[in-house]
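Next up: the structures, one after another.
Heads up, the next two complexes both have chain A, just with different partners, chain B and then chain C.
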Partner chain A sequence: MVTFVILAVVSVVGALGVVLLRQPIHAALSLVGTLLTLAVLFVTLQAHFLAVIQVLVYAGAIMVLFLFVIMLLNIEQQRKEIRPWLRWVAYGIGLVAAVGLIVGALLDPRQAPDAAVARAALQGGNALLIAEVLYFEFMLAFQLVGVLLLTGMVGAVALVQRRRPPPGGVSAATAREAVLTDRPGRPSSHPVEAGGR
Partner chain B sequence: MTLLPEGFIVWSVLAPALFLLGFALLTLLLGVFQRDRGFVAAVALTGIAGAAVFALHFLMEAQRGSAESGFGLRYLADAHASAFTLVILLGTALAVLVGQGTLERLDLDHPEYFPLLLLSATGAVVMVSAGDLITLLLGLEIMSLAVYVLAAWRSDVRQSQEAGLKYFLLGSFASALFIYGIALTYGAGGHFDYASLMAVFAATGFEAHITALLGAVLIIAGLGFKVAFVPFHQWAPDVYTGAPTPVTTFMAVVVKTAAFGALLRVAATIFAGLEAGALGAILPGVLVVLIGATLVVGNLGALLQAGVKRMLAYSAVAHAGYLGLAVVAAGADGMAAAGFYLAAYTLMTAGAFAVLTQVMDDDDRGDTIEHFAGLGRRRPWLAAAMAVCLLSLAGIPPFAGFIGKVLVIQAAITAGHVVLAVLAVVTSVVAVVYYARVVVAMYFREQSSAARLPERPASRSVDVAIGIAAVGTLLLGLLPGLWYTLLEQGQNLLVFVSSP
Partner chain C sequence: MDPLWVTLIKAFVLCLVLLGAFAYMTLIERRILGRMQHRHGPNRTGPFGLLQPIADAIKSVFKEDIIVTNADKVVYVMAPMISIIFALSAFGAIPGGPAGSLFGFNPWVVDLDIGVLYVLAVTSVGVYGIFLGGWASNSKYALLGSLRSSAQIISYELGLGLSVLSVIMIAGTLNLREIVEVGVWTVSPWLWPPLAVAFVAFVISAIAEVNRTPFDLPEAEQEIVAGYLTEYSGIKWALYQMSEYVNMMTAAAFISTLFLGGYRGPYVLERLIPGSSEWPIIWLVLKMAIFMFLFIWLRATLPRFRYDQLMRFGWLYLFEVALAATLLTGAVIAFVL
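This part shows the complex of A and B:
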């Protein structure tokens, strides 16, 4: 129980840090803290496989991606608020929602299962159990995630690989014509290529 | 190790979605080396037709009372799912035709266009067939992700970039609300699939009402964003206007059909189960307020617009309100009424946007009413088709829009929402004003010299799309039974039956 309280406090403080810290990089690092605490929480529940996956995927791969994006974009400090009152309205709504959730959880007549029950349900968090749920019960959802990733990939390529107007302000259409007349014998097979990168 | 029950995995029910997905990959591959975009469009249409054949088969099965499902009721192919799949396929086919005829002229012809359209349609089909919240969420994301990209397709124009970014940011926010709603619903009910949730919520021992109610409200917010219920509609006018018109055609019809298909199913199962318990009166109250606001804001907003494209965007919001009447009546006749309404809506809205692509100039600008002045004399067929679509949107007999409105209003009255029904009738009188304004300009005003129709050869595929839309609107209005009986008599799985 003591372990749980410590871990819970650390993870909630980390989550608050993500929202409250001004520097995006600090917020991202704060998120790492929360994710790692969650991994430790999984260990205390004997869900070792989940804990390892949590560290590898979330704290590892995804956070590295976050940090890369933040550093590459080099977000400037823009603190011009368009509607200052909106911030307070948002605070109010968030507070009401949080209180409502806490009250709802306290009023919920069902008892929270104690650690032994959770442990039994997780069965040590072994990979077989997860695989059974993932590949049997949620087989369809698992396949659909693949389609979702494909859609994201096609969309990203479509957005990024777009012909841009060359410096000097020539429009895309004239640029294409210019490229085409440069190479009269070889009509380009690809509009992106034709745009003259 | 638990083994799956026999007949858990039924790949055949996925046939329409898989067919679309397969052809999306095929068009993606063809885009690499096939310069002829007409050929790629033809391949895309073939895929849509193939998927439609499968969906029709499942619809016929549902007529015989043997509706199919797979993955333990997580994926359904009953009357509702197959009928909505057919409407989605119709909308996608019209969007492909319009895209084929206009993309090159608008300088938007990139090889990823048709694949993204088909992928988005795949997600839409999954949404209306979903039998659990996870499948629904994934379908929603597949559909939305592709549409976000398509909205920003005109990457050198600010409005289009803004449309894409705005849609993406607000859409992600709506998805977050939706996911939170799913989490709360799972916390209250302990299941993701509609069938179990419905049973748990309606059971006598169920006590986590507040959590379940919060979850349901957040699910309404998430899906309400996609269908553009007020106050989640604010993206719609900007995104519809900023996106290239061929994309708007797709967005206005397919996204709305898919989101309503999902919302109706959730309303008929989870919400119905929730309404049977204590605090059950709150949820219909929330829906009634949202729908009433949508009817008023959508119609008044459309009344104030100068541009026809933006007017149609607000009209799409208003029509979300009329369809909302079917959602509050989802348990009874609502699903069939909405299926009819959306078929009519798809035809007339896609038709109106298709005409718009012919009137606007190559920069996708010039959609003021002045541009329509005198169209009846210069392009009589185009003007006639536009008039049919607009009068149908206004709900004037004998067009399909009229029958659709009658059906949803009837469903709402049967479900006991008389106030909403009256509001719908009153607002549809307002709607006549702004649709008629364009029709009057086309037939009773002279062409102004400032706003000339651009000179260009007519595009055959856009003409085909406009023809299908206009004839379909008329046909569905004159012979509504053809489509409505299929919807009404088909078997729907997971129908909520209140326990004594």
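This part shows the complex of A and C:
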């Protein structure tokens, strides 16, 4: 219980940091802290596999990408807000959601799962048990999520792809590109470098 | 399962051993590089230069600890700590011998059911140290080093993960100790080709993950001064060096454990001296030494990749090769065995 309270406070403070910190890098770091705290929380609930996946996927891959993009773009602190009213709408929605969550939890309090039972069921976060549930019971859902992710990936590739020259003539975009890529001292094509960004 | 105090003592001892090994790895590396480049290397401090690491340590501690004026102070101080904490904690899951072989104790700090994933997860978080350090320094060279490092690690983590998959599929477990006990090469000769490919792909990605030559673009001194290390000095710089070498040792131990039978001794010796493959620690250390030497040897031999070559190699060759090895392993398991 003491561990839970400490972890809960740390993760909530981290989550607040994401919203309140001005510097984008600090906000992203705060999110990393929250994610790591959640992973520790999973460990205390005997869900070791989930904890490691949380660290590996969110902290290790997704947040690295986030920080990479923030650093690459070197986002300046944006003082001028484009739609000032939107901030208040967001505050309102956030407040309603928070109050709803707390009220919901108070109206329908549930006993936390017993650690011993969870340990027996998960066998120390055994990946085999999770695989059985994931690949037999929820096989179809799992495959569908895979297809969904693939769709997202194809969409991202389609968005950043260069336009092909139309059959008739050369468009302005491709002409500009040709000028850019044929600068002296630079190899004419960098497919990976361009695609990697 | 050990009592908590045993685990704590073992963790503490492991940290000390790793840091001691780091100090002497710097000496060994400089001496070997010296031999390979027809010069002596450090040989003045003590016999064979054996006191050089101690002299270096004293120098690092007493050097002025500069914090750059325009740096993001909190992140600047935090970054080397993140680096070393995650570097040290990754090693704990790697088994050093069979259960109870170390004076009745288990020669590992923790025995996790998901040891493989644990090591991968902790090492992937360790990269924050590098690119936060580069960003917080508020210098263009440091930032370039950070960007290179994060792009590199994202690219090579895929190859790393995919090449581990073959081993996991064959062993049928994520527990490092059980992987060693199964002995992936003994399962079937049909699995040797995909395993060999996965092994090579894994070694290459591991070198990229620990930022060693030819993948040391984040600190390419001919191009960007020292990359993320540019603005660091004294003990903070030493912490980064420590984490680099500890990461190298973890990578070496991880490769040995996954692909080369980890803590088990050679079969021939087991026939000559029965029980020799049960000796703790020694076989793992010998196997690690081979890979540490390989890392140093590569540093003396290979030139550095250019950035676009690095990206092309990672995404167009290494990833595909690792994927092919995984598919081949799956096919062999499904149709032959």
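The definition used in the following text is that the second predicted complex is superposed on the first by the 142 of 197 C-alpha atoms of A that agree within 3 Å, B and C clash if a C-alpha of one lies under 4 Å from a C-alpha of the other, contacts with A are read in each partner's own complex, and residues count from 1 in each chain.
Rule of thumb we're sticking to: a residue touches a chain if its C-beta (ideal position, glycine included) is under 8 Å from a C-beta of that chain, and two chains touch if they have at least 3 such contacts.
Please read these numbers as outputs of a predicted model, since none were measured by experiment.
Of the two partner chains, chain B is the only one that A:Gly104 touches; chain C does not reach it. When chain B and chain C are set side by side, the one touching more residues of chain A is B. In the superposition on chain A, A:Leu21 makes contact with neither chain B nor chain C. Applying the stated contact rule after C-alpha superposition, one finds that A:Ala158 touches chain B and leaves chain C untouched.
Look at A:Leu72: by the touch rule set out above, it reaches chain C but stays clear of chain B.
Touch criterion met: A:Val145 reaches chain B, while chain C stays clear of it.
Of the two partner chains placed by superposition, only chain B is touched by A:Phe136; chain C is not. By the touch criterion defined above, A:Ile62 reaches neither chain B nor chain C.
According to the touch criterion, the shared surface of chain A, contacted by chain B in one complex and chain C in the other, consists of residues 187, 190-192. Those residues of chain A that touch chain C in the shared complex are 23, 25-26, 29, 32, 36, 48-49, 52-53, 55-56, 59-61, 64-65, 67-68, 71-72, 123-127, 187, 190-193, 196. Chain contact summary for the complex, chain A toward chain B: residues 100-101, 103-105, 107-110, 128, 132, 136-141, 144-145, 147-148, 150-152, 154-159, 162, 164-165, 172-173, 187, 189-192.
By the touch criterion given at the top, residues 72, 75, 112-114, 117-118, 120-122, 124-125, 127-128, 131-132, 135, 143, 146-147, 150-151, 153-155, 157, 174, 307-308, 311-312, 315-316 of chain C touch chain A in their complex. Taken together, the chain B residues at the contact with chain A in this complex read 1-2, 4, 8-9, 14, 21, 28, 32-33, 35, 70-72, 74-75, 107, 109-113, 115-116, 119-120, 122-123, 126, 134-135, 138-139, 141-142, 145-146, 148-149, 152, 155-156, 207-208, 210-211, 214.
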